[in-house]
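Two complexes, one shared chain (subunit A), two partners (subunit B, subunit C).
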Partner chain A sequence: MALNLTINANNPPLGALLAAEHVKSSVQVSVEEGKDNRLHISDSIQFSDANSISRYLARVAPALGLYGSNLMEQTEVDHWLEFSARRLCDQPSLTAVLGELDKALSLRTFLVGHAITLADLSVWAALKDHSDWLSQGKSFPHVSRWFSFLTSQVPFSSVGNKYASKKA
Partner chain B sequence: MPMYQQGDSRSSEHALQNGEVDPAVSALEARQDEILRKLYELKAAVEGLAKTVTTPDADLDVTVSSSFSSQSSRSIMLEGSTDLDTLLGEDLGALRDIVINANPARPPLTLLVLHSLLSQRYRVLSTVHVHSSVSSVPPQLQSCLGPRHPDSYARHLFQLGFTLIWKDVPKLEMKFSVHNMCPIEGEASVARFLFKLLAPYPSDPAAATLVDSWVDTAFFQLAEGSSKERAAVLRALNSALGRSPWLSGPEFSLADVACYCCVLQSCAASSAPANVQRWMKSCENLGHFSSTKQLLQ
Partner chain C sequence: MGGASTFQPITLVSDWRSSPSVTNMALRELASLEKYLGLRKPNKYSTQGDKKTPVLQNNAAPPLLGLVTIACHLVKEAKRPELLGDSAESRAVVQQWLEYRVTKVDNCSKEDIKIILKDLNLYLHDRVFLAGNRFTVADVLMYYGLHPLIVDLTVQEKEQFTNVSRWFDHIQHHPGVRHHLPPVAVLRNRIYTSRHH
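What follows is the complex of A and B.
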């Protein structure tokens, strides 16, 4: 099964691209640049918002555990997907939101469970778009630790270098 | 003969040949029996302890719990066996209590529908509280989970707790299993959690994602969007409902609960196109949506 992901070249959906990068060992996903974000599954089913694309990709590669390993982790992943889409994107001020995120990460290496999930991908992607938060990173030590830990890993660094620089 | 006897003392296989047992072997066997007996005693003791842990008031009237099992009824519309222990991990004796903080300015209609479905499937201990951050809550909101259960003093008789707290929160939040779960924000995520306690999501990745995509559309475009966005969603609903009886295909799903409640909340029901009107009637016929209309009046 080959999937086709079209991305908006001017504003690439980093979270969905990261999910595609993670699942590429189990599913073939080809990425094309275009006007809108769209994951083409069949002629009747296409998903266009970033969270649906991520959810679908996580579900076609269940062995990776990107959607958590049980019902409780799934619910936490859902929480962070909404958090990144509603609270982190298009927000002029991040101070209060970063405070919440810092608290959540104080005792955790990953946002949910003990491995990478969609939660990490989507929150990392939303923060990457807000590069200005790094200037106040000192006030949020746990977010900074978690962010640089993920940034240093391969799918994150390669996707970050390839796409984040395109946003001018 | 003496040579054979020497052989006997070395290997136990030969020991029984002439009815004689080596004393060393019988001593070993006695020790093994003693160890096994002690292990059985320990097992019984642990089982006894486990029983007192899982039933905090084990000495309470047994007839009450037996009267409960007779009234357990199965949900008609949601098939599929779901077991709370497999879904939520083993029950450690305490009631699994789902605590929801909701703002009375925006009653969470989907959660009330799901509460009604959960009560049909499980023995649910439902309670409503008013937090000190809100001054007055209309009576229909205070009684929205139905009358107080006559056995509510005995928490161990219930499988699930559903505690709704009217509170001045900017966004609805759920607290459950707080030791290993962060507080869950937003009605959509909470609704997904509650629905998965009732029926599993479709196993096909596309069908499952379609359900989630409708849930997002309902909460973010129908309930919070502009009138233009709302009209676009109603058109999308209409065309999807022209192809199948329910939003995600032949089966009733969370997509239907979420979209029904959000259409109702956005007051778009009267102007909805034909397929949407017909589908809303079908939802109402299932009988779990009546509380939503009462709350909006």
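What follows is the complex of A and C.
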């Protein structure tokens, strides 16, 4: 099965691109630039929302565990996907939300379970280019540690270098 | 399994410091490290002196002495040099923590435990692993060495040493590391939320 992901280069969906990068060893996903963000599955089925794209990609490659490893973890992943879409993306100020995230990460290396999941991809992507995060990151040590840990990993550094700068 | 079967069975006792099984700990650690590294052929070990320092009998070369020396040798034997650090700086940090493990953590007194945990908690504040963002053999040996200390902590103390608890829980879930040790329950959400650190 070959999937086709079209992205708008002026507003690339970093979370979806990260998911595509993570699953590329199990599923064939081609990425090309276009006028909007869209995952083409068939002529009748297409997804345009970044989280929907990530969810689909994680589900077609279940062995990678990007959607958690049990029902509880799946629900936690859903919680963080919602969290990033509603409370991080397109929000002018993050101060209160970052405090919440910092508390959640104090006893965790990854947001859900003991390995990387969509929760990490989606929240990392939402923070990556947010001006509030860039200016206030230092006040939230646990989020800072988690963020720079992920940034140092291969899919994050390559996606970050390739796409994030275009967003500005 | 291999080598583990030739060692004396260990009975778990609460006061590990005065227990004779401590001497076997080093040998069990080396057997677990061999398994983590995927070394097929278990090595032959013996102990030397009053402190029962582990000795690796090498067929061709002279024997190797001491936990850290043998551990570093096993890592090289498994062709996993990145576990000793992937830059000059991280190699130095790994050696520092290996030395810390055998000089400070092993046989520490009750008063020392709190100091060790406090210092480590501060150090791990902005780090995922002891050498930064990469897993190394320092994480493995510090995890083995700290296990008896962490087992005895109360829930409140585990939350007080937040960064140690987080690191410890991450390492004990790292695939293939926790061979001879029982899992320690670490809460993943804070209970004593009013406490500030």
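To be clear about the criterion, the second predicted complex is superposed on the first by the 166 of 168 C-alpha atoms of A that agree within 3 Å, B and C clash if a C-alpha of one lies under 4 Å from a C-alpha of the other, contacts with A are read in each partner's own complex, and residues count from 1 in each chain.
Operating definition for what follows: a residue touches a chain if its C-beta (ideal position, glycine included) is under 8 Å from a C-beta of that chain, and two chains touch if they have at least 3 such contacts.
Every value quoted in this text rests on a predicted model; they were computed, and no experiment measured them.
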Inset, instruction - Mind working out whether A:149 is in touch with subunit B, subunit C, both or neither, as first, second, both or neither? - result: second
Inset, instruction - Pick one for A:60: touches subunit B only (first), subunit C only (second), both, or neither. - result: first
Inset, instruction - Mind working out whether A:139 is in touch with subunit B, subunit C, both or neither, as first, second, both or neither? - result: neither
Inset, instruction - For A:52, select first, second, both or neither according to whether it touches subunit B, subunit C, the two together, or no partner. - result: first
Legend entry - Which of subunit B and subunit C A:114 touches, first, second, both or neither: second
Inset, instruction - Identify the partner contact of A:28: answer first if only subunit B is touched, second if only subunit C is, both if each is, neither if none is. - result: neither
Legend entry - Superposition-derived comparison: subunit B or subunit C, residues of subunit A touched: B
Legend entry - Footprint overlap on subunit A, where subunit B in one structure and subunit C in the other make contact: 104
Legend entry - Parts of subunit C lying in touch with subunit A, wherever the complex brings them together: 125-128, 133, 159, 162, 165-167, 169-170, 173-174, 186-190, 193
Legend entry - Of subunit B, residues touching subunit A in the complex: 87-89, 176-177, 180-182, 184-186, 188-190, 192-193, 196-197, 205-206, 208-210, 212-213, 216, 220
Inset, instruction - Using the touch rule from the top, collect the residues of subunit A that touch subunit C in their complex. - result: 103-104, 106-109, 114, 141, 144-146, 148-149, 152-153
Inset, instruction - Enumerate the contact residues on subunit A facing subunit B in the complex. - result: 41-42, 45, 47, 49, 51-52, 55-56, 59-60, 70-72, 74-76, 78-79, 82-83, 86, 104
